[in-house]
Amino acid sequence: MSIAWYLAVSAFIFAIGAGGVLVKRNPLVILLCLELMLNAANLALIAFSRMHGTHDGQVFALIVMVVAACEVTVGLGVIVAMYRRRLPVDVDEMRELQG
Amino acid sequence: MTSVKTFAWLTLLFPLAGCIVNALGYRVLRGKAPGYVGTAVLFASFVSAVLMLFALQDLAAEERHVRAVAWDYMAVGGFDGQLALLIDPLSAFMTVTITGVSSLIHLYSVAYMGGDRGYARFFSYLNFFVFSMLLLILAGNFIFLIVGWAFVGAASYLLISFWFRRTTATAAGIKAFVINVLGDVGLVLGTFFIFRGTGTLDYLGAFEKAGEISGGDVTAGCILLLVGAFAKSAQIPLHTWLADAMEGPTPVSALIHAATMVTAGVYLIARMWPLFEESESAAAVGAIIGCLTLFVSATIGLVVTDLKRIIAYSTMSQIGYMVMAVSSGAYVAGIFHFYTHAFFKALLFMAAGSVIAAMAGVQDIDRMRGFRGAMPFTFGCFVIGGLSLAGVPPFAGFVSKDEVLAYVADRGDWHVALVVVGYITAFITALYTFRLIFRVFFGEPSPEARELEEGHLHHADVPRNPMTGEEEDTDVGFPGPEHHIAEREGPMKGAMGVLAFFAVFAGFLQIPNVTDALDTFMEPTFEGSRFHEELHPSDALTFGGLAIGAAFSLAGIAVAYLIWMRRPEIAAQVRERFRPLHTLFVNKWYADEALDRLFVRPAAWFGRFAQQTFERVVVNGLFVGGPVGLVRAGSAAVRSRQSGFLRAYAALMVVGLTGVVLWLLIRA
Amino acid sequence: MTIHLSIVLWLPAVAGVLALAARRFAGWVTLAGSLLAFAYSVVLLIDFNASSGSLQYVTDEAWIEQLGIHYKLGVDGLNLALIVLTTFGFTACTLWAALERDVARTPQFFFWMGLAHSAVLGALFAQDLILFVLFFDLMLVPFFFLTLIWGPTPRPDRVRAILKLFIYTLVGSLLMLAGAIATGVLSLPNEATTFVLSDLERIAMDEGSQRWIFLCFAAAFLVKMPAFPVHGWMPDGYRNMPLPVLAVFSAVLSKVAAYGFLRVVMPLFPDAAAEFQMLALLIALASILYGSAMAFTTTETRLILGYSSVAQLGFITLGVFALDDAGDGAQGAILQSVNHGLVVLPAFFIVGLLAARAGSEDLRDMGGVAFRAPVLAGLFLIVALATLAMPGSANFVGEFMILFGVFDVKIVIAIVAFTGVVLASVYMLRMFIRSMHDRVGPSVDSRDIRVRDGLVLVPLVAAILFLALYPQLPLEKGEQTIPSRVQSARQVLAGEEIAVDPREAAAEAAEAEEEAERAREGEGREP
Amino acid sequence: MAEVFFFVAAIGAIAGAFGVIREWNPFYNVLALVVHLISLAALFLLLRAEFVAAAQVVVYAGAVMVLYVFVVAYVGGDPPLMRRPTAPGLRGLAVLFAAALLVELWIALLGTGLKAVDGEGAGYNAAVEDPFGSPGALGNALLTKFLIPFELASLLLLVAAVGAVVLARRRRGAALEESDPTLVSVVEALRPPGTGTMREGVSGLPDVERRELAPAKGEPEGGW
Amino acid sequence: MKGPHIDWEALSPLVAVMGGAIVVLMAGLLRSRFVRESLVPFLTIVTLGAFAGLSIWQWDANVDLVSAALRVDAFAMYLNLLFAVAGIAAVLLSWRALAPRESAHGEYYSLLLFSVGGMAVLVGAQNTVTLFLGFELLSIPLYVLCATEMRRATSLESGLKYLVIGSVGSATLVYGLAMLYGATGSTDFSGMAAALSAEGDLPSDSLLLGGVAMVLVGLAFKASVAPFHQWTPDVYEGAPTPITTFMAVATKAAAFGVLLRMMDVALLPVADDWGAVLGALAIVSIVVGNVGALGQSSMKRLLAWSSVAQAGYLLAGVVVATRLGVRATLFYLAVYLVMNLAAFAVVLARERETSLGDHVDALAGLGWSRPWLAWPLTIAMLSLAGIPATGGFIGKVSLIEAAVEGGWTWLAIAIVLGSAASLAYYLRVLAVMWMRPGVETSSPVPALAGGSSELDPAEGPDPGPSDETAPPRRTRGHFEVTLVAVVAALATLAAGVYPDPLFDLVRDAGDSFRGLL
């Protein structure tokens, strides 16, 4: 399979993730969509890594995984805190700040 | 030479000193002190002027152009404006006449204005006026001509609205001022044309190079100078202010609006003769307008009923003669007429002032009657002035007016037509002058006259403005709480007596074929003038003219006698017969209305349009409201996007992302 | 290299800062500073060598080296008279404010006054383009606060008005900033960027750049003046300023704009100036007519003076853009700037005095004040007559020179402009008559001025009289400088080759020199 | 063979991705992500990224997803708390934007002039020690060239841990530490439900309380 | 196998700040109140001081660290100084604030330090992997810090919004970096630049330009460039004010730092392409930021919108891709730092003194009641508006000069017009401050009924039963807040009057990019 195929899949996943962020209202799911976007980037990185035959891409992908994990952790932390504060877990309800 | 300069400066500065002393000392100088100060400096100035004249005569004929320079005034960038005086026979003669007449009028005012609360102010203004007038006459270059020109305008304004709480007075003042500024503008523009051609502002320099100015420029320049002259001398179409100017105290009318300021136009044209001789057409304009004015204003004088306004219109008419003369090249004749006119017209005003005082401010001749017995001295003076004005031999006015007409006639061509009009007007002049005399002094005494005969001067219960009926403000009183008539006041009597003397005898200065003192004296000024050398009316013309003039004026008096003394009903009949003409005359040939339609209303409309429409719609709407509205709308749009919806934010981000990617992909 | 100008420049600001500490004596401290600056400037005026057209008392330090900005101050015939006007005007207004009880105790007022004083002086002294723009913009700031805090009108209006004023005028000024920087960057493409005016004047930019930069500068100056039709801020601003502030604002600040045309625009953008001459003249003409028309219809005394300023500044603009051979227009413009400053100062003071007597600043509420206030009336009369450029006043001389300059070049415009002269007499006399003369207004309580009023008013009127007697003084100081500022624009207009112009000659010489140097270097290398 | 694997894995990844954004109980969304991650790991293997693939499965699909599941369980996850005004018209537009983005990305990625994209990339060279993709080679890169990122990543994990603690730990009103002790008791008494007791964590909020949580009608939008 | 050479001296600033973070974290675990509330902030300041000092020490180092992952040059060190100053200010502002108490002091301050560390990594990064790590190391602590005032719904809301939008930005960035890697085959900046400079049509390749686009968006988001700005007002408003302050000034500097290095080192050969895009974004930012700020009654929102506009101005220095542009940007960043510090410090002080929060009414009459707060805010506002004699003016002059010199004249015009429009809101603040009579500084709010002291004004004193109580209101200002305001204001003035020293610094920093003209 040529690299192009992987890239095509990667782009598809990225777009799904981006679309998901736009349509989902539950912050938990939005975090999942962000994961999708980062994973799409990972796929692209690894595909390029293969293409160039260097490890940079793979290392980058590992780092991205770390970052993804960190973002998730913090994101979940915020959600938990909101839940405890009895705030609605729905991004469309968070409109205190506007204008 | 030095003494000429010294006396010139002194002549000029005496009145200024008087002005300043009176202005600053208004609290210190009590009683009539300001009047005496003002009069004293004027006499000093007169003496100095006479000495200047003599000193000038001591110089050789070709040296009688003395320039006295004080300092550089605006001498940069091609200009050579200096604070400089030019003393030559013309200016010296004018100076002497003006200081002389002014002194007398000051003297008259000392008494006449007695009791007015603005006494010191009055003399300060009056002195300032004389200073300005002398500056105008003595100026050595265009700049100070303009300065003096404007100063007399300002002084005139101040004196017209001297009783400044009368709205009629202030309105008349602003009218006079604005029209005079219009004249200033003409003068300045004319100066521009001339300066452009000659490169110098100095009289002598400019006159020397008069030939170098291009034809168009010199004509344009001279016509613009004429505009200045017309405004100041109340010539058509800029004459409307003069009648309204009669709102001022009577000495003011005598001084400014009869003897001195209004004749500045005549002086200007005479002074600028080298330029006018370069431009036939400009000179023609002057002559024709002068002729027009002398006729038109005489017709108006025939019908109006306000004592001072009748005299004012006669002034316009007489100045018309002068303007016609100097524009036609009869310089000396014009100046001569100015000289005689100064005496008899001042005298007439003074006498009128006396009458008005007796009437407690009323000026309407319909209400006057039979003052002859009550005020014999005033009556005498008035008759002398009237005869002189009417041109009855041998009074001064007779000699000078007929000299004017003879010289103009000598130009030939179409100038003859002017002369014809001049003679017809001489008849009208006699007519209205004696209309005045007969109606005011003869007949059954009016209540006021009767009161005076009983030794009691009439005072109104409630002083009212005769024009509007408005109650007068007694603080800035009209005409002051006290009234003064010549019969009871020495200074008034003295001043009028002297003037009466000159009104009779001043003409002897230059009697055709007898003396030509003035001609000789003026020679250095008009040296090189084409017309000055060429125009010498033949004896036939001269004496024929004199005869015709005498005949016309006597005829006028006779007709006046017929109409107003013998058969008063004729007046009504004539009025009925010539109703349209009468209406035209009474309405002053609709000049005020024309000016109003042409200038005042458009300007007012423009002002209103600017104030109410343009400022709101364009200045504030288009330039302020527009951008502000745009920014506000932008703000609303941007902030409505800031909805607080997280997903909307993300969406915008994605949109931005697609946009940026698209842009760069297109470039790829 | 002298320090004199820096002393004059910073004295008022320092005094202003000291005033903050001086508390009760704040007014007097600032006054002392201003007075010293005034005295210093008079000494400069006397000491100034009028026969030399070059800058004198120059201070030149690199301020921000990397941006090519210098702290360069200098005096020449162009700014000398305006500097004296500035120090004089500020001194008078500071004195006036110090005598007013309600502001006398507020040190901040005087701090801002001092700062404003220095800023205006800075704009006049500056010989570096950025420095000029800096001070030009800075001088607005104190007026913002002075109006905001001490304005006489109700608050919401005042805030709106001062914001309008500030933003409106700064739009122009900021455009000018962009233009100024572009000038420095684009003028000398082969050299390090510099903003020193004398360097920039050497070579003209290409016409395309000149055009838009000219428009930026013109926007700034015309708005500041203000000129028709961009005077929209003026009525609001004038209504809302405290009078002493307004007086100095009207008298001094607007003149800096006119000055800017001569200092910066004409020498730097001659082609554009020539190209837009007609437009500028028409704007000036429109300002004259429109300002006059507004002035004789409005009844607010402040606005009469405001619109008369629009008209007067129209005359000044006319002079600046006359571009006549002898430079009469420009010289007249500078003289007229001084004159107008001198008449506006007392005029606003008189408005204050009148308002105190009539209880309102509206003309309809005034009338008949003169009888019990002869001194006030007399002084007002002098001021009014000078304002309407009565011959015999220096204003007349200025107008005479301006109009002759225009007359020489564009005769029709000059003739139309004369309408403004006539209209000026209408609106000034209207104001004089309806306040001083005519029937007594409804609640007028007429009384003459007090000694403390005279302390302010009399010197101002005396200055008018002095200049009326001897206008040659400012004229001769500027004679060598001012015409040369418009020379290149005039040459462009006349179609003369600028190649003969010293600017390009200098450039050519520099090029030749460079080449020679290169050749020398080459020689040096060869062996 | 590789093609089959690729298509299976690719379809799995995409299907998993779609599963994530489906309107579902969040719990299933998480599971869909797990499917996606595992498919992705398979793709990584196909691209000779063994180590990354392993890490993906172990760390990501394993550990991280467990965390997710916990939180979903705790928060109760299920979204239909309330269906009140939402960003209007966003749903349709979102699809449009995503599609546009996809098209652009495809153009960018596939329209490239680089030839290598159409190739299969680096081959397997067993002759070399630590050939491309081997954990050894990767470890080498991590500890030499990418030493600093490697170390920083550890700090990042520390930050995340600290952050999670700060956000999620229970606190007794830190703000009240210095204030009047009586107030504490009042607050304690008023402690609302849903502030994180163990019971709530396990069972979710009782239905009654949930209804209480839903704001009354007519209240201005914007939560409370 | 040999480990890479590590230049510890050059690495020392980073080590110091990271080490300090851990020390602070540990110290925070101690129970003593003195330690938590005083020692920990003090240690933080010491750490930042050491960070700054070591950065100065390494000013001239100019070395690549560990296989060129990081670069230590004047540019990075200059920005480190800015971060340190911002950090110290943030610590001072946080000292007696609510947020650290709510989140525990050790954690709070160590997160702050980590964020500073992330910034230092970011601006030194010469490798996309490092860059991305720095980016996250900077962001993730901030997500947490935004949410630290957990009792306030808006704080959490801002945290979540920031996190989600930030993560979208990160994902975009990393995808873009992946594409760049794919196009150039390198993760090093130098490698990228080399690949781009080589013969071939790589510079116009869609993969490369697509990557450039996504990287631009990712970084632009961080710099609050419109249309990626929408998080800014909400997050600024919701976050605790000290954190907002830090975010506003330091994040902006970091974002522009990395933007400059990325664009002017790695992507310089395609400057024409990204220049045009950034130019357009600059215009959009200037417009959006300035019009958005109009009519805002929340000071923090106002400053947020203004920061969007300022980002637009700053972009001018980036698009030109010249040394002058770099210098101008760096200069303006420093000025931006001090003027915003002054403004936020005053806002914070008023939040603590009144019950009006950051509402502009809280400033009413300040000029007369609190001159030591009013003057700094006045100076800050004037400087933000670009009025002369303040740093903002000089900054704008240098930006415009850079823009014009680079041929971006229309951008210069946009900057000045934007500045003019911005006066409308900056001056309104001054008007409120210097005109109105002062509001009472201490309003007796019932302990149970009052909201948080840093309550959102829109929320008002919400008497809902679920609301936790607030600490008693302070009636007097905190001197450290005033100190920050005054010092920052003085610095703003100094930068406007005598900017030469600062220009010397930015010249060195600008010269770090040798590829530029």
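Order of writing sets the chain letters: A, B, C, D and E. Residues in each chain are counted from 1.
Keep this in mind: a contact is a pair of C-beta atoms (placed from the backbone, for glycine too) under 8 Å apart; a residue touches a chain by one contact, two chains touch by 3 or more.
Keep in mind that this is a model prediction, so the values were computed, not measured.
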Compare the CA centroid of chain D with every other chain's and tell me the farthest one. B
Can you tell me which chain pair comes out on top for contact count? A-D
Geometric centre: closest chain by C-alpha means: C
Using only Cα atoms to place each chain's centre, name the chain farthest from chain A. B
With centres defined as the mean C-alpha position, give me the chain A-chain D separation in Å. 6
How many Å are there between the centre of chain A and the centre of chain B, using C-alpha atoms for each centre? 96
Whole-Å gap separating chain B and chain E, where each centre is the average of the chain's CA atoms: 78
Distance between chain A and chain C based on Cα centroids, please, to the nearest Å. 63
Taking each residue of chain A in turn, which ones touch at least two of the other chains? 7, 14, 17-18, 21-25, 31, 44, 47, 49, 51-52, 56, 59, 63, 67, 70-71, 74, 77-79, 81, 85-87, 91-92, 94-99
Multi-chain contacts only, two chains or more: what residues does chain B have there? 639, 642-648, 650-651, 654-655, 657, 661, 665, 668
Is the chain-to-chain touch network here best called a line, a ring, a star, complete, or other? other
Contacting chain pairs, sorted by label, are A-B, A-D, A-E, B-C, B-D, B-E, C-E, D-E
Residue numbers on chain B that touch chain C, as the complex places them: 23, 26, 71-79, 81, 117, 121, 143, 146-147, 149-151, 154, 157-158, 161, 164-165, 167, 170, 173-174, 177-178, 181-182, 184-185, 188-189, 192, 195-196, 473, 475-476, 603-604, 606-611, 614-615, 618-620, 623-624
Can you tell me which positions in chain D touch chain A when the two form their complex? 2-3, 6, 10, 13-14, 17-18, 20-21, 26, 29-30, 33, 36-37, 40, 43-44, 46-49, 51-52, 55-56, 59-60, 63-64, 67-68, 71-72, 74-77, 79, 81-82, 84-87, 90-91, 93-95, 97-99, 101-102, 105-106, 109-110, 116-122, 132-133, 137-138, 140-142, 145-146, 149, 153, 156-157, 159-161, 163-164, 166-168, 170, 192-196, 213, 221-223
Contact footprint of chain B on chain E as seen in their complex: 160-161, 164-165, 168-169, 172, 204-206, 208-210, 212-214, 216-217, 221, 227-228, 230-231, 233-234, 273-274, 276-277, 280-281, 287-288, 291-292, 294-295, 421, 424
How about chain A: which of its residues touch chain E in the complex? 7, 14, 17-18, 21, 27, 30-31, 34, 37-38, 40-41, 44-45, 47-49, 51-52, 54, 56-57, 59-60, 63-64, 67, 70-71, 74-75, 77-79, 81-82, 85-87, 91, 94, 96-99
Would you pull the chain C residues touching chain E in the complex into a rising list? 63-67, 69, 130, 133-135, 137-138, 141, 144-145, 148-149, 155, 158-159, 162-163, 166-167, 170-171, 174-175, 177-178, 181-182, 184-186, 193
